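Listed next: structures, encoded as structure tokens.
In the two assemblies presented below, chain A is common to both, partnered first by chain B and then by chain C.
Up next is the complex of A and B:
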């Protein structure tokens, strides 16, 4: 269960039931994660209150504090969940292709389409994490680092891979996520798939240079 | 004791970068912190305390007491000088931007080759960040996430840097179409690297990132071979004595 699920989360039947306590707790936790994603999308992290979350999730305050230490802890759990969904989707698309530029195109296409389908994910993953304090910001950095191996493959593909500066992949990732954040901040989440050419160029150019990058952007091999 | 370089008062800056800074209504040269950073006035001490608190616990968690105590001022004094916490943060951001723009104007010249100018501006900017780690963190980590006014200042500073990069387009070496977002992506890439370093607690060492920053910002326009050459030159600059 994830904030990306889109459907109503499963809830245990009301009233007395014999579900083991850890199953009930699991679903209460999931509901709180989804509530966090919704509330943050609506009013932003700073304005979100524990009451918003418990009301939205249909759990008591006591339950909230049994599951999470505070609002930040709940946000971080929601965030990890969100990032897992994103990374899995990108990885699956990426690995389905062979040549690195095609893999990059497929991964970016999947990422942009998923974000456009789920504006909540986009806001949560890229924008509100900034407002949620240093721990969340560190979490964002490490989430983004999970994409580093995919970019590092560009070094093997690049004619000059070994002479590229040490932080090339971190900067390439920063460029792509920067373009996406700008679009989300401008409220253009629906239009994210249209960002593919720019995002692909930004991904490829540090590894293969502008000429080859522009050719790849212009002429996909399939 | 004098603030760094930029022209005094409201006289127009001597080049087109200055014009752009005016257009963005950035406070270039009007209120830069003294160098070295010794906060003499109560106002300066408050701004420094604000930056320090932002660096250690974040803007949102910062209280007026967190600012007043290290600054050695009373709450009453704080409210005589600033309307509220946000007002104070905004003032600290203005000072940071004034410093950054002053440094960049100081190395800017329309006669320099574009790549040299990018390198010099990047070096000046990284030097500033390294010398004021708390302000670096406030301006690049806290400001983008701390309300509309602060974000607007952060964004306008970024637009100036971006227009500097976009000028690389004037003399393209490569023939294929370079997307108009290339400069924005390059800047975002450099920023991500720098912010990562700041968050890792290594703000004092951001200057070491110069060869990376030079590479990512020039490669879309100059091509790989020339960008690598520029990057290696930047590396030499770093290891040069006094460099």
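Up next is the complex of A and C:
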């Protein structure tokens, strides 16, 4: 899947056409977002140039600057797109289940499978976002925060949820992103779905402790 | 220390200060030269470019933090106590020197994939200290990656605080950081008790 959502972006017919300008611009923008994702995956954010992007997207430099202020703005738009796709998939899988540990398992399974299918997303979301500077790093934090409420449902499930520290969800998220970043940096993106047991343990353990977490990891209820 | 080493060291320290204040991306070799009060020729005698210098500076920071942590908890105390002392040392170092903290935790992710790799290598130095926590756990069959999870949880929390410019508030967060490190081993009940104890004194 592309960060813009579809497999192959729709392109306006070549040559003279009578499409409304906003439709043409929309498709050019989508193509630039996809080009950014591909180029950044290939050579990293720092080395990516505007020329790489316009060539890859088949748009002119003028068009690029009509749509985006600079490389960073284009990256941030690509990033937001990527994160939207990830969050929507994870949410859909999570909400299909009832008990919180099953919901966590389903959400993590969706996340790890999506990242393994699309190594580009994993690199973009976790690795290259750092190189794009402080604005991108703040986006990363706010993307992660969108998932916080899912983790914090663990408070209602935990035997003594109310006495857990305020930042418990951020600990669970930090544990999971630590595992994922480590695998991505090791070049083991294909193997991400194999991290499910560990990622589930990391999610559950601050809420219910190691014994109960290990039981949940070992015995899914369905 | 020889004159050469001193000069190289001064450049590395300047790199940490400049990156800590301006961020890696905005930092130039010219900034570092000015801060270190040295010449461009000298800089390039020791380093290929900004990135090369940053990696060396990062290694220096990690070594300093690891040395201080090792020196602070020398093995006499039980595991929970050693974790508490070591973590307190890290938090104090970071609160005292926010530029060092930002370089170590935040800016390293701006310096490319190889720098991020070093970051995880550094984290695994600390996960080594955590490994003996398995012995205090009720069930020794904990996941292999448990130390990595614990370290990820703590570095995530510290990253958030530093990103929003709150290095000096890290000591307030210490009880929760301690909870995050202990909970995979001893569970939320016992970790909450340790958190309360740390908050009280």
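Quick note on the criterion: the second predicted complex is superposed on the first by the 217 of 222 C-alpha atoms of A that agree within 3 Å, B and C clash if a C-alpha of one lies under 4 Å from a C-alpha of the other, contacts with A are read in each partner's own complex, and residues count from 1 in each chain.
In the analysis below, a contact is a pair of C-beta atoms (placed from the backbone, for glycine too) under 8 Å apart; a residue touches a chain by one contact, two chains touch by 3 or more.
Note that the coordinates shown come from a computational prediction; the quantities given were computed from them, not determined experimentally.
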* Structure fact -> So, after the overlay on chain A, do chain B and chain C clash or fit? They clash
* Asked: A:77 contacts which: chain B (first), chain C (second), both, neither?
  -> neither
* To do: Report for A:85: first if it touches chain B alone, second if chain C alone, otherwise both or neither.
  => neither
* Touching A:196 in the superposition: chain B (first), chain C (second), both, neither? -> neither
* So, does A:44 touch the first partner chain B, the second partner chain C, both, or neither? -> second
* Structure fact -> Interface residues of chain A shared by chain B and chain C, listed 46, 130-131, 133-134, 137-138, 141, 160, 163-167, 170-179, 181-182, 197-198, 201-202, 205-206, 208-211, 214
* Asked: Which residues, counting only chain A, touch chain B once they are in their complex?
  -> 46, 130-131, 133-134, 137-138, 141, 144, 160, 163-168, 170-179, 181-182, 197-198, 201-202, 205-206, 208-211, 213-215, 217-218
* Asked: Given the complex with chain A, which residues does chain B contribute to the contact?
  -> 57-58, 60-61, 141, 144-146, 174-179, 181-182, 184-193, 196, 199, 209, 211-212, 215-216, 219-221, 223-225, 228, 231
* What residues on chain A touch chain C, complex-wise? -> 44, 46, 127, 129-131, 133-134, 137-138, 141, 158, 160, 163-167, 170-179, 181-182, 185, 197-198, 201-202, 205-211, 214
* Structure fact -> So, in the complex, the side of chain C touching chain A is made of residues 23, 25, 106, 108-113, 116-117, 120, 123, 137-139, 141-146, 148-157, 160, 163, 173, 175-176, 179-180, 183-189, 192, 195
